[in-house]
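Working notes, structure below.
We just call them A, B, C, D and E in the order they show up, numbering each chain from 1.
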Amino acid sequence: MQRWLLRGAALAIPALLLTLATAGQPATMPEIKIGTVLPLTGAFGASGNYFKQGYTMAIDDVNKAGGLAVGGQKYQVSLTVLDDGSDGTRSRSLVEKLVTDQHVNFLLGGYDTSLVEAQEVVPDQYKIPYVEGGGAASEIFKRGYKYVFGTLATVYDMGKITMDFIAYEISQGKLPKPVSLAVVWENTDHGKDYINAVLDQAKAHPDLFKVVLNQSFQLNGSDFSPLLQQVKASNATVFLSDAHLPDFITMHRQYLQAGMHHELVSYGARGPDQKGRQALGPGADYLIAALWWTPALKDPASQLFTDRYTKEYHAVPDWFQALSYDTARVLLQAIRNAGTLQGPAVRDALARGVFRNALVPGGVIRFGPNGQIAGSPYVMVQNMPGNTVRIVWPRKLPETRDAILPMPRMQ
Amino acid sequence: MAPLLEVEKIAAAYGEVRALWDVSFSVQTGEIVTLLGANGAGKTTTMRVISGLLRPLGGEVRLGGRPIHRLPAPRIVASGIVQIPEGRRLWPRMSVLENLELGAYLPESRARRAQTLDWVFSLFPRLAERRAQLAGTLSGGEQQMLAIGRGLMSRPRLLMLDEPSLGLAPILVREVFEIVRKINAEGVTVLLVEQNVRQALELATRGYVLETGRITRSGTAAELLQDPEIKRAYLGM
Amino acid sequence: MRALSARLPWARGAPWAPRASALAALALGILLALVPAVAPRDITLLNLGFFTFLYVAQGLAWNVLGGYAGYVSFGYAAFFGLGAYTTALLWLAGWPPLATYPVAGIVAAAFSLIVGVPTLRLVGPYFSIATIGVGEAMRVLMLNLDRITGGASGLNLPTAVPSKTWFYTTSLLFAAVAFAVAAWVRGSRVGLGLMALRMDLEAAESLGVRTALFKNVAHSLGAFLVGACGGLYATFLQYVHPDTVFSFTESISLVLIALIGGLGTVWGPVLGAVVFYAVQDYLQTSYPTFHLLVYGVLLILILLFEPKGLAGLAERAWRRMRGAPARLAPAGPSGAEPAAPGRGGAG
Amino acid sequence: MLTAPNLISVGIAALLTAGLYAVMSYGLAIIYGVMKVINLSHAGFLMLGAFMTLVYFQRWHLDPLLGALLNLPVFFAAGWVLYAVLVRRVMTSLPIASLLLLFALWLVLQNVALAIWGSEDQSIITAYTYKALPVLGFRIPLTRLLVFGVALATLGVLHFVLGHTYVGKALRATVQDPQAGVLVGIDTERISAVAFGLGTAFAAFAGSLLTLLFSFTPDFGGPFQLKSFTIIVLGGLENFAGVTVGAAILSFVESYAVLFMKASLQNVIAYALLVVALIVMPGGVAQLWTRSRS
Amino acid sequence: MTAALALEHVTKRFGGLLAVSDVSIEVAPGQITGLIGPNGAGKTTLFRVISGGLRPSAGRVFFEGREITGWSPHAVCRLGVCATHQIVRPFPDLTVLENVLVAAAFGSGGRLAPRSPRAEAEEVLEFTGLASRGDAPAAALTLAQRKRLEIARALATRPSVLLLDEALAGLTPTESQQAVALIRRIRDRGVTIVMIEHVMRAVMDLSDRVLVLNYGRLIADGPPRAVTSDPQVIEAYLGRALEEA
């Protein structure tokens, strides 16, 4: 019979190891634990790491300032980051683990809509406020969760604003009326929101827009040339594509290699990304993008952030870092406002709060009743030669300039 | 003069299954010696031990007085023994010429490749005609010739043939045996494993009978041919 | 199927061994079932249990075809995914989750027949490659069936879910059922046939084993269990997405569990799943950036030094303790020693 | 949209892709042929080849095409060493063991790359990245043309090596009947090492070529690997000449199918072809005209 | 009386090779039939055509009057025709008893009605003299024991017709004699036996009738004595002397 004992021991040992390993170290000063599960590896690995940078910067800020004052008590803020490898199952179970095992007080969101969707069931179960800046699909906020807040304006709005911009340019005579559009979109929630906005706008303004191609493609595709052949054959004037970074790079490279040209090309939020510009070189020039944030914004908060980030990481920040920085700051501010670490109180503080001095265009973050950021703070930018960008929309911003349209052909 | 090949008390097994117990025999330079025996008697196993495909459990194999039973198979080929396996084992999707060229794979034989090739083609003019053809498309007899030709490409001192008549029509068997005789006449010693007892003994100078992993009889071909025991073993008469 | 279920008194040498194995399993099961009573609020523990049992159940299910019969499939995510979506859709249609699991299993099993009948005719590695194709094709296909699967948005499921204790217990029950099935199959005529066909398909066939039938039975049995697990998983997660439930990672996990634990043994997948999930969980928390690296190295070490997995290791340790010489590894191409715990002591 | 020029330009693109596909599958075919194991670490070497090209490019401004050439000896050596210290040890046990070992190797390679280069997208831009050549009124991207040309040239060299050198012939012989090889003095162990080296070298070489067309991360390679499976299965697994045919079939089917179906279903084609080919023609496409051999 | 086994014009082609050519045979129940011929004559191919491993290119196969042409091996086995293999292939990781159990549990097609497969397996082990090795892993058996196990497994399927492919090859004379005795005892149980054999003495001793195959053709058929004195057979076996050819 002894060997069954042996087997039992074999079962117990890993469990024991686990217990030993996860026994926390006692903190010397009161601590607020914030946890996040990010895709540090896998398909969204790059963006996940940007988010980690933004979160870390915001938390370092308060710690350097002597901690976060909550209800008259100063707290050290710690950040626990786990990697889900871009996998939904793991993402969700790790978030729960943060709550039940690491006993975090608050949660910051993951990156990419699909992973946020997997994570978002947890916060309400444990009444732990969760703020995310990495998922923008409207689907996330349709489920009625009370503890989930998002700082990214919807992708639907991104599509809509892009169309507004195009309409304006038509009115300026820079694009023909009606303009023909070829639209391709990645087969994700993100892409669906985008195409829905484009189609809605086209339906609302048949005099302005004519969608001549509407195709979806698979995320992380390796070869888009057959798709681009169709885009070419559609003879559209404007080419719109909603893609994640790797797909954007691959697709636009193939686009340029095929010698294609449209009067206006936009890849949704892609274009001014540093990685994209490095990967495409002059090929990325004159692309139009709709962004949640850009270092080209001249408001003091954005400028300060850009400087600090550049100093720390020796690179120019993109919206990923800015939005994650904002996201963490909103959460910290809400805790401060609530004056307590109680989940429900902080949740209410988030729901009611008006967070000024944010980096997003307009500088104010407020959440709508569904938890998503109210309003649609977007800017449209155009890449300029020499790795600079120009803000081209909305017209009301002081730094806005005219877009160069039709886009010049690449030499 | 020491015999070219001496096999002394070799024993062998496949895993835990014993196949050879105590096999000893020898082959003199210039001879054709045949190993006779029923299926499963251990003829092929003996060959595999000699050519280094199977490590013996005990005993010794010597070529020209030098022990070779510990050498890896390629070194045994280099030392001058080549085995033409049962079923030919050609490379079906390679041409006749390529099959032959690979027969001279070892650096020693590579140097003389062109000469050897001429010699092999003179022995098998049919192979010369079909040099570009894929081996898989040859007829059975041609395949057997190619197998022998491939073996000769390494310029062996000892040629071991395992059931060359297998699956061949009688007329082709005759042709193959004729060629073996010719090769022998050109100075290549031959060790032949055959089921076709009479033909093997017509060709060989001497023979050994292997039964269940042991040598049970030996003698000159003429002696064995007359031996009633041989008839008994093969026809049960 | 009555003939199939004719149980054989089948162990030899130590007639107590399978009974001891069953007793040990029963004791362990009862012990584990008491955990929620002792620690009803330890959600970490309950979650750990839930996932571990879920993997135990699936590892055991995979092992029926993969271990006993030696048909290594990299495509079980298809069954898991189908099960998850079946439960999701029925749950959304108002069914209680518990009632959906058998249906989830049946859907997965039905699909396994569709795939299995042609692909199980392929031998060894070809079958494995084909299953990679089937698994990935299903994932991409499901991503595009927006109407049914929610496509790339996935499906949000009802937010009212049972308690952690319920999940823990149900998952434990699944593991227990899978264990019973796996142990029964191994001791029965079906298992005998499966092992025979693994070692020599032609010989088994010529002794009257309906190999094609048995392979498919094993396949769909595994698929049924994995499908049901998929259903349970969907309930737990309250969200299903094709990329998640049809992922290659899911498929490979089951192979790894069986391999780490010991292919073809009853206890192997149990040990394998515990180590697989616990180690992963531990590594993921402790080395968020390096966990896969560590995991890969661990796997290589197991393959190089203990190809029979933990069950083999345990057996070896046991022999060493008893001072008995380790049995010679069989030399045949079938390699993997199917030594079950039940027969090790007698060898 | 099914205009003639459109169909032709899709055809041209498919042809160019086929060259790339062939090169990226050869390594897999060689290793499978000699060792009868599917190299699941193929994707890892594609990826590593791409990253090494990046390193050469950044350090020494070495053009990716030259980087590809440099990768050949570097990765040949790496493959040889890996075979000697790792792969060889599991070749005698279960086929599944070698399969999983190579899978684990992929995991390790991927994560080593992650540790070194991070998860960000990397890419290489050369002076000719966006250049294109007009051919018969169609604009052909120079990089694609280069990749195709290099692919053809390499295939030529490979065919020469396999068909006209002793090592190459010994390799083919080992694929067809290793036992017979031993009998003429071929050291199969060494041939296996050569095969693993060559397979690795070709994977890395293909990885270098991919940098001319795609950006890459440590995760890069997976889809290409699956396509390579499909290609060598279509080609008949042991038939090196079949690889080219398999590559062409996959490339053309993929390219034209997108004209009739959702682009997001593109990859299903490869997977479905893989399964169907395995079941319907286990000997690959080549068996359709060499049925006679039994 | 129906023949236990009947072949009608059976031909089997592999590509261009004619392995079995137009063979028609009827085997009476209860007899031992020896099937001899030189290597490569098509004997094993013929066995595989009967036992279902190969579908004949032409011709038909009957078992007790029932056509079984092209049936799969498991079906043929369960009907009552079981073949042993020339190269023994026990299930290496199973014990001897388990090996036999596979056959008893699957191959018997309900012919061991009152007995459990295990009892049957044990009885067969007893009968074949392997009882003492029942718990040994099959991989650890000697060649003679493996040959015996091969027969035991076939026997456990309770066949009406047993096809033995070189059951004696590689055995020592003593082992061979034991095997001959075993085969005789199997016949005494009423099993029809067709055996391919190279050990001539055994064929002569055992067979009621001998069939000779050469180049896929049936060249002789008759009582052992008559067959071995047939000049065609002698030629096929000992070969025509070269100069006479």
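To be clear about the criterion, a residue touches a chain if its C-beta (ideal position, glycine included) is under 8 Å from a C-beta of that chain, and two chains touch if they have at least 3 such contacts.
Treat the numbers as computed from the prediction; the structure is a model and nothing was measured.
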{"item": "Starting at chain A, fewest touch steps before arriving at chain B", "value": "2"}
{"item": "Neighbouring chains common to chain A and chain D, by label", "value": "C"}
{"item": "B-D or B-E, whichever has more C-beta pairs in contact", "value": "B-E"}
{"item": "Farthest-lying chain, centroid of Cα atoms versus that of chain B", "value": "A"}
{"item": "Distance between chain centroids, defined by C-alpha means - chain A, chain C (Å)", "value": "37"}
{"item": "Geometric centre distance via CA averages, chain C-chain B, whole Å", "value": "52"}
{"item": "Separation of chain D from chain E, taking each centre as the mean of its C-alpha atoms, in whole Å", "value": "49"}
{"item": "Centre distance in Å when chain C and chain D are each reduced to the mean of their C-alpha atoms", "value": "33"}
{"item": "Residues of chain A engaged with two or more neighbouring chains", "value": "40-41, 187, 218"}
{"item": "Junction residues of chain E, two or more chains touched", "value": "17, 139-140"}
{"item": "Residues of chain D engaged with two or more neighbouring chains", "value": "111, 114, 262, 264-265, 267, 293"}
{"item": "Chain D to chain B touching residues, read off their complex", "value": "166, 169-170, 172-173, 176-177, 179-187, 239, 293"}
{"item": "Contacting residues of chain C [partner chain E, same complex]", "value": "6, 8-10, 12-13, 189, 192-193, 195-196, 199-200, 202-211, 327-328, 330-332, 334, 336-339, 346-347"}
{"item": "Of all residues in chain D, those that touch chain A in their complex", "value": "1, 3, 6, 9-10, 13, 17, 111, 114, 118-123, 125, 129-130, 132, 139, 141-144, 213-215, 217-219, 223-224, 254-256, 258-259, 262-267"}
{"item": "Residues of chain E touching chain B in the complex", "value": "17, 38-40, 139-143, 146, 166, 169-173, 176, 198-205, 215, 224, 228-229, 233-234, 237-243, 245"}
{"item": "Chain D-facing residues of chain B, complex", "value": "51, 53, 72-74, 77-78, 82-83, 85, 89-94, 98, 101-103, 105-106, 110, 136, 150-151, 153-154"}
